[in-house]
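One chain, subunit A, links the two complexes that follow: it is found with subunit B in the first and with subunit C in the second.
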Partner chain A sequence: MKDVKLRKYHSASWDEPLIMEMGTKGERGIIPPKAAKEVVEKLGQAIDLLPAEMRRQKSIGLPEVSQYHVLQHYLRLSQMTLGMDLGSDIGEGTCTMKYSPKMHDQVVNSSKFADLHPSQPQETLQGILEIVYGLEQYLKQISGMSKFTFQPGGGSHATYTNACLIRRYHEARGELAQRDEVITTIFSHPCDGATPATAGFKVITLMPDENGYPDLEALKAIVSERTAGIMFTNPEDTGIFNPKVAEYVKVVHDAGGLCFYDQANANGIMGMARAFDAGFDACHFNLHKTFSSPHGCEGPASGAYGVREELAKYLPVPTVEFDGSKYYLDYDRPESVGKVRSFLGNLECVIRAYAWIRSMGAEGIKTAAQISVLNNNYMDQLLLDIKGVTRPYAEGKRRLEQARYSLGQVMEDTGVGTAEIRNRFSDFGIQGYWMSHHPWIVPEPFTPEPCETYSKEDLDYWAAALAQCVKEAYEDPEFVMNAPHAMANTKILDDSLVEDPDRWACTYRAYKKKILDK
Partner chain B sequence: MREKAFVHPYIPNSAPEVKAEMMKAVGITDLEELYSEIPEHLRFRGELDLPEPMMAECELRRHLEETLAKNTTCKDYLNFLGGGCWQHYVPAVVDEIVNRAEFVTAYCGGTYADLGKFQARFEFYSMLAEMLDVDAVSEPIYDWGAAAGMSIRMASRLTGRNEVLIPYGISPERMAQIRTLCQPEIMPNSIKITLVDMDHQTGGLDMEDLKAKLSDKIAAVYFEVPAFFGTVEGNAAAISALAKSVGAQSVVGVDPVSLGVIAPPASYGADIICGDLQSIGMHMLCGGGQSGFIAFRDETAYLAECPLAIYTIAETAVEGQYAYAEVLPERTSYEARDKAKDWVGTASGLWTIGAAVYMALMGPQGMEEIGETILYNSNYAKQSMSEIQGVRVLFDTTFKEFVVNFDQTGKTVAEINKALENLKIFGGLDLTADFPALGGSALYCVTETHSKQDIDKLVAALKEVLK
Partner chain C sequence: MRKVGLIINPLAGIGGRVGLKGSDGRDIVEKAIAMGAVAEAPLKAKRALNRLVSKKEEFQLLTYPGPMGEDTARELGFDPIVLGSLKGELTTPEDTEKAAVVLRDAGAELILFAGGDGTARNLYHAIGNSLPVIGIPAGVKIHSAVYADTPTHAGDAAALFLAGSGRIQLREAEVMDIDEEAFRQDRVSARLYGYMTVPNVRNLMQSAKAGSVSTEGENMMSIASHIVTHMEEDVCYLIGPGTTIRSVMDILGLKNTLLGVDAVLNRELIGSDLNEAGLLELLDRMESKGIPVKLVVTVIGGQGYVFGRGNQQLSHRVLSRVGKDNIIIAATETKMIALGGKPLLVDTGDAAFNELLAGYVKVITSMNRQMAYRVAY
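Presenting the complex of A and B:
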C-alpha cells in the first residue's frame, strides 16, 4: 500500500432545526387544486359530505412553511447524509453497496413507468411485464431455479415467503403437524431465524464448529421427522465458503425437509456457483444488493425469490407468464401460498436489476463476481497488517466477497471498542462500517465488503483510515472514545433513554410533553 | 487460457493494469484461484445464457425506453382505478428530495454519518403522529397489508388471544396478505379470522353481526376509514367501544390523505393504527410506491410488541443539538433473531422521506383543502354517474372511492371497462369476482387530480357505452 493521504473531511453541519420548529402561521408550501365552482355550488360545504361524528374537529398540527424553505430544509438534511454515491461505502458488509447507475433511476422516474397503475388492463402493461418476465429468465440462469416471484418487498420478506412456502409444502403433503422445526445457522442473517418463527415454526440455530462452518455433526444430530427445512447463507457473514454445503442439503433432504439458500448477497459467486447445483430447493436475491438497485435509506427493496420446478405451484399469486405473443398475469394457481405483498412488488427495483444485467451480460456478471472477490482479498491483506486486527476462523482459507474481522485485541489493549472506532471512522469521509448481526460471536467485530464498484485507491484509503483509527486508539484512546470529531453532531449524552419510557420521545409531540414542557 | 480484456465502466478494477497489480499483491496468477474454496462439483462451468451486454449507456437506455413505451399510462388515459394504489399529485419538491443521491444511496449507516436521514425520519414520525393524533410511529414496512397483518399480530400478543374480526368489504389483496400473516390454524401461533357482515345501506360494519361475533376470545376488531369501498364508517367510535368492552384491541387502517377532513383514528378509540403512505407523496410506480406504517399510543406495552424499529430523539453534549437512537432495540429480529417480535428488515424507507416532505409542504391547510377537493370531486362523480340510466351508486358516505353497480345496464363490468378503454379511459376496478354480493360492480376512484371535465368525460363515455 502506497502512502495514503487521508482527507481533512468535515460533514455538512447546517445546525438545522426540526421542521416542526420552522415557519410561521399561515405560510404555505403548496396549494392543492380546488374543485370547480359549479361542483362546489352543487354540493354545498365539503365537510357536510361526511358523517358529523367523523369530521376532523381540530386542524392538523403540521408545520406551516413556504415551499423554498421546505426545499432548503430537506436539501440540508440530505447534505448531512453520507450516501454511498459520496462516501465510498465499503464498510457496510453483507449489504453490497454497489454503484447504482443513474440512467436506471431516470428511466424508473419516467412517466412510462411512474404513472402506471398495477390494476390496469394487462394489454396496457406489456412493457413492464416484458421486463419482469425478462429478469425472471436471467435470474433462472444465475440460480438454476425454475420460477421466480418479485412480490417480496425486501430480503427478509423473501425469507418470510420461503417460510410460508415450506409451510404450504408440508401442509399439502399432510405433514405440517409433524414437521414443526426449521434450522438456521448463527452466521446467517437474523431473518432466517425470525421469519420461520413468525410463520409458526420452532427454530433451531446451529453454531459454528472450530473452522467457522456450521457444525455438520450437530446438524446430523438435530434433523428428524420434525424437520421442515433449513434456511442459511453460504458464504455466511464470515465470507467463508462452506465446501460441504451439498452434504448439509442432503442431510436435510434425507430427513424430508426443504433447503433454502439465503442469497441476499450473491455478489461473490454469481456466475461461479448456483443454488440449484448445490441441491437447494429455493433461493432469493436482493435486487437492491447484488443487482444494483439503490438502498434508498432502507427501501424500496426487492427480494427476488426463486424455486425448483416442483415448488413453482406454491409461489405467491399472480405470476407473470408469456404465451409467445403477450405477457399476462396468472392468478389461477390454487396451491399458491397466497399473497405476501400487494400488487406485483417493487418493480422499480426489477427495472434496475434488469437493466444492470443487460449492461453486464454473462461475462460482466462473472467479472463483477471475480473482481469483488479480488478486491476483498486485496483489502484483506491490508487489514490484517494493522496491529490488533484479527480475522477469526479458517486460518489460511480465502474469503470470498466479504470477511468478518475482530478488534478484540485493540479493545483489550486500549479499551477502545469497535463501536467507538466506527464513530471515528466517518471523520475521514467514508461511511461507518457494519459491525455484526447479533449475537457477537466474533468479539468487537466489523464486516467490510469491498464490492466491484470500488477502485484500488478506495481500498487503500479504507484500510489506511482504519489503520489511523487503530493507531489513535493505541496513542490517544480518549480521542477515539469521544469521536466523532468531524461530523455535524456529537455523542448522545445518555443513551439509557432508549429503555426509559419517561425519557424516550418517538415524535416531536412526545418530546414536547416529556422534555420541553417540563 | 488467454483472457479477453473486459473493462466495464462500473468496475474500475476490471482495467487490465490495475487488475494485474492487485492479483500480484494477492499472490495469484489466475482469478480462478480466488475460488479455491468452492469444490469442483459445486462450480458452475456452463455459460450463463444471457443476452449480449449493452455496454453503451445510450444503447441500453434506448432499449429500456422502447420497452416501457409499450405501456399505456394513467397520463395517456384518464384513470379511475384505485383500490390501494392511487393517483395523487406528487409535488415537484418531493421528487427533488427523494431523488437526492444522498438519500437514494444511503442505507443503514451510522447515527452521525447519516444524521440528516435520521432527522428526516424523525420528522416523518412526528408529522404523521400529528395527522393520526398519537405519540408513537414505527419505521415503515412493505405496505398497508403487511402493516395490518403485523398490527393484528401485535394485538394478539398484547391480549394473549388468537381471533380477529375483519370486515367483509376489505381489499382482497390486503385480505390475502393478512391471511398469510395469520397463517393456517394448524400453526401454534395462528390467528383465526372471522368476517363481519356489511351493512348494505352504509357499506360499514353490520353492528348486530359485530356484537354477535364479539367475545372474550377476540384479540382485535380490524376496520378501515375510509374502507376499501370508500365508505366512511359512521359507527367507528361504537366499534372501538365494543371491542374494548370485551378486552379486544381496536385496530384501524387509514388512508392518510383523508386526515385533513376525516377525524383522526385516536379520536374514535383506535389502539393500533396502520395504513399506507403511497397517497401522500409517492408516484404509483405500478404498485412500487407502497409503504406501510404502524402507530400507537406511547405506552411501553405497544412499543414492546411492535416488530418494527422505533427511534427516539436524544440530546447531545451541545445544547440544542439532537441525535437519534433506537428504542427497546432488543425486541427486533436484528437482535433477538427467532425470539423477536415477528421480523424487521429493509422495506420502504425512502418513502418516509417523501411523505415527510409532502406533509411539510401541505401543512394543515393543504391537508384540509386536498380532503375537501377529493370529497367534492368524488361526490360530484358519484352523483353524475348515478344519473345515468341503469347505473346505481352503492352506499351513502364515501371518500375518494365508491362502488358503482351496473346490474341494470345489461352489461358486465368487464364489457363496460373494455369499451371505456377504447375511449382511452381506465374504468373502475372490477369487483364482480371478489364480491359476489355486490353483483356487477366496480370501485371508482376520483382524486384531486381529476377535473370536472374529466368526470364529465367519464359520464359521457359511460352513457355512450351503455346506450
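Presenting the complex of A and C:
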C-alpha cells in the first residue's frame, strides 16, 4: 500500500431543531386555492363531502412552516450526514453498497413510470409489466429457478414469503402439524430465523464448526420428520464460502424439508454459481444490494423471490405472465400463499435492476463478481497487516466478497472497542462501518465489503483510515473514545434511551408522550 | 462521587504455579511459599485496575490495607480510602469476608475482587447478593461465573459499570467451588453455593452498543414461557438448579429451590430440593403410576457443564432412569455464545453414560428458539 494522505474532513454543524419544533402559528407552505364558485354550488363545500365520522375533531398538530424553511431545514440536515455519494460505503459489509448509476434514476423519475397508477387497466401498463417480466427472465437465468415474484418489499420480507411458502407446501401435503421446525445458522442473516418464527415455526440454529462452516454433523443429528426446511446464506456473514453446501441440502431433502438459499447479497457468486444447481428449492436476491438499487435509508427495497417449478404454484398473487402478444396479471392461482404486499412491489427497484443487468450483460455480471472478490482479498491483506486486527475462523482461507474481522485484541490492549473506532472512522469523511448482526459471536467485530465499484485507491484509503484509528487507540485511547471529532452528530450519550421501552421514541408523538409531557 | 470497592486475596492462585491445585488452607499456602510461589493475584488485579486509571478522578476507590488492595491501588496512582486492619502476615478468608462487609457498609456500589472460587465463596458468605461484584480471575480454580474471563475484561466491565447511566443490566452468576482435597486426588466434586449479581456485559463479547434490547431476565422469562407452554399433562417435570429455569417456577407460581431439584406434576409441586435418594424414590413412584418423567436443566457456570458440577444429585443413576430423550436443556443465547465454541460437558460419574449423553442436543434459548450444540465428556 502506497502512502495514503487521509483527508481532513469536517461536517457542517447547524444545531438544527426538530421540524416539529419549527415554524410560527399561521405560517404555511402551500395555500390551496378555494374551489370555484360553480363547483361549490354544484357539490357544496369540500369538507361536507367527508362523512362526519371521518372528520378530524382536533387540530392535526403538524408544524406550521413555509416551503422555504422546510427546504432549508432538510438541506441543513443533509449537510450534517455523510450521503452515499459523498463518502465511501466500503465499511457497510453484508449490505453490498455499490454505485447506483444516476441514469437509472432518470428512468425511475420519468413521468412514464412516476405517473403510473397500479390500478390502471392492464393494457395501459404493458411497459412496466414487460420490464417486470424481463427482469424475471434474467433472474431465472442467474439463479436457475423457474419463477419469481417481486412483491416483497425487502430481503426479510422475501424470507418471510419463503417461510409462508414452506408452510403452504407442507400444509398441501398434510404434514404441517408434524413439520414445525426450521433450521438456520448463527452466521446467516437474523431474518432467516426470525421470519420462520413469525410464520409459526420453531427455529433451530446451527453453530459454526472449527472451519467456520455450519456444523454439518449437528445438522445430521437434528433433522427429523419434524424438519420443515432450512434457510441460510452462503457465504455467511464471515465471508467464508461453504463448498459443501449441496451436502447440507441433501441432508434436509432426505428428511423431507425444503431448502432456501438467502442470496440477499449475491455479489461474490452471481454469474459463477446458481442456487438451483446446488439443489436449493428457493432463493431470493435483494435488488437493492446486488442489483444496484440504492438502499439503507437511501431508497426503497425489493426482495426478488424465486422458486423451482414444483413450487411455482405457491407464489404470491398476482404473477406477471406473457401470452405471446400481451403481458397480464394472473390471479387465478388457487394454491398461492396469497398476497404479501399490495400491487406488484417496489417497481422502481425492479427498473433499476433491469437497467443494471442490461447495461452489465452476462459477462459484465460475472466480472463484477470476480472484481468484488478480488477487491475483498486485496483489502484483506491490508487489514490483516494492521496491529490487533484478526479474522477469526478458517485461518489462511480466503473469503469471498466480504469478511468479518475482530478488534478484540485492540480492545484487550487499549480498552478501545469497535464501536469507538467506528465513531472515529467517520472523521475521515467515510461512513462508519457495519459491526455485526446480532448476536456478536466474533468479539469487537467489523465487517467491510468492498464491492466492484471501488478502486484500488478507495481500498487503500479505507485500510489506511482503519490503520490510523487503531494507531491512535494504542497511542491515545481517550482521543478515540471521545470521537468523532469532525462530525456534527457525535454519538449516543445515554444508551439507556435506546434500550428502555419507557423512554425510547421513534416518532415525535412518542417523544412528546414519553419525554416532553412527563 | 461513586464508590467502588477493591478486595485482593493476595494468596489466591499461589498454589497453582507450584502444582498444588488450589490454595485453600494455611498449610497449603505455607507449602506453596516454601516452594517459591509468588503472589499472582496483585499482578492480575493491577491489570484490571489499569483499565480504570484514566477514570480515577471520577470515582472513589475503597479498599483494605496493604496486600489486600491498598498497595496495588497506590502503585497505580489511586488515592484510596483504606478501611479495616490486618492482623497477621498471611491474610485469611475471614479477612476477605470482613473486607466485603466493611466496603459494602462504607457505601461501595460495586466490589471488584481478585481471587479464585474460594474468594468468591467468602464474598458470597459475607454479603450474599446485596450488591454487584466483578471477579478478577486470579485463582487456581475458576468455576464461578462471577469472574470475568480475563483481568482486563474485569476492569473494562467495571469501567462500563461506572460509565453506564442506568444502562448496565445486571444478572446473577454462579458461585461454585470444588472440594480441593478431592481435586488433588483427581476427583472433581463441585458444589453450587449460590448466586451473586454481576454487570451483564457478557465478558465484553457484546456491549450494549451491539443493539440488543432484551435483557438477560427477559431471555430467561422467554425460555421459561417456552417450557411451560410445552409442558404436558400427566408428565412429571424435574426442575434442576439455576436462575435460568427458576423462571419456570415463577410462571407456575410454585416455590423454587434455587440450588436444588424440585418436581412438578400438572402444575403442582410434588417434591422440593430432592437429593439423589429422593429423586430415585420419586422415579419409582412415577414409574409405578405409569407417569413419564422429564428433566429440565441449564448450563451451570461459565464452563459449560450440564451435569456433574453443582447438580450432583442428578447422578447417572437418576439420569439413566429419566432417559436421554427426556432431558430438556435450556440456556440463554448469551450463555451459549460465551462458551466460545467449546462443547457442553457432562460428568455423571459413569463413563458409559457420559458417552451416551455425548453428541448433539437442542438447547432452548428462548420462546420457540433452539440451538443445536455439541455435548462432550
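Keep in mind that, in the parts below, the second predicted complex is superposed on the first by the 476 of 518 C-alpha atoms of A that agree within 3 Å, B and C clash if a C-alpha of one lies under 4 Å from a C-alpha of the other, contacts with A are read in each partner's own complex, and residues count from 1 in each chain.
Just so it is clear, contacts are C-beta pairs under 8 Å (C-beta built on N, C-alpha and C of every residue); 3 or more make two chains touch, one makes a residue touch a chain.
Every value quoted in this text rests on a predicted model; they were computed, and no experiment measured them.
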> Thinking of the overlay built on chain A, is A:T205 touched by subunit B (first), by subunit C (second), by both, or by neither?
Replying inline: both
> Who does A:L219 touch here: subunit B (first), subunit C (second), both, or neither?
Replying inline: second
> Comparing subunit C with subunit B, which touches more residues belonging to subunit A?
Replying inline: B
> Which partner does A:A255 contact after superposing on A: first (subunit B), second (subunit C), both, neither?
Replying inline: neither
> Is A:G415 touching the first partner subunit B, the second partner subunit C, both, or neither of them?
Replying inline: second
> In the superposed arrangement, does A:G193 touch subunit B (first), subunit C (second), both or neither?
Replying inline: both
> After lining up the shared chain so the two structures overlap, which partner does A:A304 touch, if you call subunit B first and subunit C second: first, second, both or neither?
Replying inline: neither
>> Taking the superposition on A as described, I'd like to know which of subunit B and subunit C A:A465 touches: first, second, both or neither.
In response: neither
>> Contacts for A:M145 in the overlay, against subunit B (first) and subunit C (second): which applies, first, second, both or neither?
In response: neither
> Touching A:W440 in the superposition: subunit B (first), subunit C (second), both, neither?
Replying inline: second
> Can you list the residues of subunit A that touch subunit B in one structure and subunit C in the other?
Replying inline: 193, 197, 203, 205, 438, 494-495, 498-499, 501
>> Which stretch or stretches of subunit A touch subunit C in the complex?
In response: 183, 186, 193, 197, 201-208, 210, 215, 217-219, 221-222, 411-412, 415, 417, 419, 435-436, 438-441, 443, 477-478, 494-496, 498-501
> Which bits of subunit C are touching subunit A when the two form their complex?
Replying inline: 51, 54, 150, 152-153, 155-156, 159, 164-167, 204-213, 333-334, 337, 341, 359-360, 362, 365, 368-374
